[in-house]
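By written order: A, B, C and D. Residues from 1 in each chain.
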Amino acid sequence: MTDLWYSEYHAADVRFSIKVTRQLCSEQTPFQKIDFFESETFGTFFTIDGLVMATQKDEFAYHDMIAHVPFAVHPAVRRVLIIGGGDGGTAREVCRYPGVEHVDLVDIDERVVRLCQQYLPQTASVLDSDPRVHLHFEDGLQFVGRAEEGMYDLVLVDSTDPVGPGEGLFTHAFYQNCHRALTEDGILINQHESPYYPIYAHEMLRAHAKIRATFPIARVYEFHMPTYPSGHWLFGFASKRYDPVADFRPERWNALGLKTRYYNTDLHTAAFALPTYVKELLEHGA
Amino acid sequence: MTDLWYSEYHAADVRFSIKVTRQLCSEQTPFQKIDFFESETFGTFFTIDGLVMATQKDEFAYHDMIAHVPFAVHPAVRRVLIIGGGDGGTAREVCRYPGVEHVDLVDIDERVVRLCQQYLPQTASVLDSDPRVHLHFEDGLQFVGRAEEGMYDLVLVDSTDPVGPGEGLFTHAFYQNCHRALTEDGILINQHESPYYPIYAHEMLRAHAKIRATFPIARVYEFHMPTYPSGHWLFGFASKRYDPVADFRPERWNALGLKTRYYNTDLHTAAFALPTYVKELLEHGA
Amino acid sequence: MTDLWYSEYHAADVRFSIKVTRQLCSEQTPFQKIDFFESETFGTFFTIDGLVMATQKDEFAYHDMIAHVPFAVHPAVRRVLIIGGGDGGTAREVCRYPGVEHVDLVDIDERVVRLCQQYLPQTASVLDSDPRVHLHFEDGLQFVGRAEEGMYDLVLVDSTDPVGPGEGLFTHAFYQNCHRALTEDGILINQHESPYYPIYAHEMLRAHAKIRATFPIARVYEFHMPTYPSGHWLFGFASKRYDPVADFRPERWNALGLKTRYYNTDLHTAAFALPTYVKELLEHGA
Amino acid sequence: MTDLWYSEYHAADVRFSIKVTRQLCSEQTPFQKIDFFESETFGTFFTIDGLVMATQKDEFAYHDMIAHVPFAVHPAVRRVLIIGGGDGGTAREVCRYPGVEHVDLVDIDERVVRLCQQYLPQTASVLDSDPRVHLHFEDGLQFVGRAEEGMYDLVLVDSTDPVGPGEGLFTHAFYQNCHRALTEDGILINQHESPYYPIYAHEMLRAHAKIRATFPIARVYEFHMPTYPSGHWLFGFASKRYDPVADFRPERWNALGLKTRYYNTDLHTAAFALPTYVKELLEHGA
């Protein structure tokens, strides 16, 4: 009966609030503020610097869409680099592919990983249990800057917004290093913000311009993420060779027999069909 | 600087709030409570019984998706029945088609229409200006019960949620009367709630079961509606003859040269590709 | 059932909120923003620049305490100057004294008066009905600067907080002009902020220091005002001659037979007994 | 920057909210829900069943007024019974009197004491450090029912509201047992709710009627408690012999040289002067 509400401002005049049954922890790390909460509707959820990162109820949508889309295009992903993603949800989905041999997960803040291991095993338990996952607690921009050329088939940028620690992951230098670290047929997926509220649309445009200047193929796809601002969220798909629709092989992916709650092969192509206003924003800017 | 917030509870522990620059009017009619507000991010918006109906900023998504999907399938819509839709946004989109000869708009509450004409001309101005639109202020269930057989090519159910005045528009009797009032190749589109929060998913399932029992073809499509609960919203497409994807004619629709902000012909097919959990809900229930 | 809440921040991290049944009006004047609201618990209330000025439910406490305390001390108030007080509540109490011959009410913003006459007749109706009240819509600092020496027996400063239009009413110049405009045995009562939350306590101290430097007798008294920050509110009593306790004549006041809901002659003396921390603040500062 | 707010509803349409920097603990005991929070303005505070019990910033007002008023009347308090008061603040003030020989503190819920010892030493540290304090974790009604006749000079009822575990402490049986357990010149002080919001005023009246039927002398006094509903709070003073004003000995109390932040001997008498509407409520009911 204690009346305790977490709120996130999606715009200065738009507030999304979740009633909290208890706060599980609150920690200021050298990089950011991390809070874990319990709630009835969303189960456990955590925030970084006051913004929802993942909830037990809808994290599946995000992690399905960041991971399965590239795997349904690339014929043989063996080496994966995850930048950010300290909650482990992206690694969990990646590790479902038997062909994956090596996963480097680079999160600047070890505390995100440790706290998710403690409070959110739904996403983080794979980080302990799968020996293919290698944790690196350092700046993603620096890590990818040092990476050998052509080391990765897939880079997944599972970052916070481009403020604070996540800022470097939205720069030209970062995307160029990703390009270099990828194989000739490698794929980059990046958390691409949202087209709806102006501050998010602004970052969406900035990221898109930079990726388009770096990769010959750069597409954007959308999904429903109810606990993120507006619920309308995007990922970017960039590659030197593969087009996410033309080179999509649904039968190959379906043959893997993976059970998913959000992604499916009909949705794959559909996700790249964007509302007209989003297409126009991406093509012509605000 | 006055701190005044409108809130809507998407679940008992989930609250979506909009800062209001002023309340434009508040009226209790014999049917429902109607409030109009001004806000910075969403412009003018109105609520019925405390739930957001339409905002200036995102009504285009809803009205594009209720209207253009059936028009891109049916080859010659001439007579249209709109049930609910007193804000005029659905009628506005319908009236953009020159082939349309007659539109009956049936809203139980004349005050919705009159207040939208006063405060929300963006959606309602067509109700005055287009002579094809005929307003009827009565119960939609009774209107369609009296309608002649095969009167309409298209019925658009633009209703509130199935509580209060909207309740009758989610019944077997209503859907059967719609079936009767439609031509042999007529199409029914209905506001189909949302799959995400439990109370909405529950109504989605109830409506779907009834429509599926009434029409041989019954599909569901989705779109992003940021000011509705979870932002993940659905319409139903039901017909005696047309399949919304197989009978879709993009070139015919594109030839009309209509400028839209949300709908486009790529999105048309895409909208019918649903996330796995939504498909499973619709097929097997909760 | 519409969920609409007015909030006031008593500190950056303390919020007092009232559920509003409807907003009655919202007007930006050349001086300030004025909003009127209806609520169940407080009835009609109005705010200036987002701060509660008066509610139907508890205005009696404020208006009793600003008006009756000086009348129970001064033997013969005939001419009264009210600075601010556009809602009329202070004038209403002053006009209950038959000995009062002339009341000048100076509010910089005519709209406060006009809107209170329309929406809050409980306080404002006296402004029309009592011919002794003379309305002046101009800056209080200038009005009192032009006032003849010794014109008033009583000056009541019923101002907003010292931000915006109310700022000049908390200056040395203002208090000195009040001193000049008062008769030799005149009394100044001023809205004296609150000792509890730091920003209010800060203004309380600044006002007190200036009044003490201007008047030989300067005391502070307290009362309970639930809709003001912390509910702990103060008035200042300053005079050239009268001490509010030593010169208090309860029997004379009681003989008038005035019915009041907050003030009484026991409370009169009691109100000048302050908590130790307030006394220490006033004597030694923060 | 995490936006987390605790709220308390003072009425169904009145909400008081404190921004929380972190939740320190949340525990459901067999009796009640206990939560501790940190905040900037109020420091650490705790709630029981969602209602603020004590904050670091303003607990001094409550504990000064419950404890020092009876000690300034009764000439020689030696044995004290505190019912409730598990936070220790009342015991802390009582223990400042060297004449006190024995203090029984009876709180039904040991967890209140243990959590306050951990998180709120400002009030609770005395419970460890003063050997005169004897803790009893049982129902206050039963404890006082078993107490010997004339055991206590002073009973302080520092209870929660009359809902849940606190309910028995607002009954005829309880007050009669207090009467029996008190010496011939003993004093009972009870937490007496508030006159302002209707649900609190209702309990105030019920308590007052019962105490007045039990003790020949039954008075009510008020103080400012900003974090309690309306900020206007009351204690009851009941006795077989002493009148709190007529038998008040300020010089004796001042001679003790106790430093206090709220209570002082001027305020003592003043606190018993109530606003007219409160007097009328107490005399004639709602």
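FYI, contacts are C-beta pairs under 8 Å (C-beta built on N, C-alpha and C of every residue); 3 or more make two chains touch, one makes a residue touch a chain.
Just so you know, these numbers come straight off a predicted model, no measurement behind them.
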Practice prompt. Give a one-word verdict, same or different, on whether chain A and chain B use largely identical residue numbers at their interface, taking over half shared as same.
Written response: same
Worksheet entry | Centroid-based (C-alpha) most distant chain relative to chain A | C
Practice prompt. Take the average of all CA coordinates in chain A, do the same for chain D, and state the distance between these two points in whole angstrom.
Written response: 53
Worksheet item: How many Å are there between the centre of chain B and the centre of chain D, using C-alpha atoms for each centre?
Response: 57
Practice prompt. Take the average of all CA coordinates in chain C, do the same for chain D, and state the distance between these two points in whole angstrom.
Written response: 33
Worksheet item: chain B: which residues touch two or more other chains?
Response: 5
Worksheet item: Taking touching chains as linked, do they make an open path (line), a single closed cycle (ring), a hub with spokes (star), an all-linked set (complete), or other?
Response: ring
Worksheet item: Touching pairs of chains, which are they?
Response: A-B, A-D, B-C, C-D
Item to complete: Report the residues of chain B in contact with chain C in the complex, numbered from low to high.
Response: 1-9, 20-23, 26, 33, 35, 47, 49-50
Item to complete: Write out the stretch or stretches of chain B touching chain A in their complex.
Response: 5, 11-19, 39-42, 58, 60-61, 196-197, 222-224, 226, 230-232, 260-264, 266-267, 269-277, 279
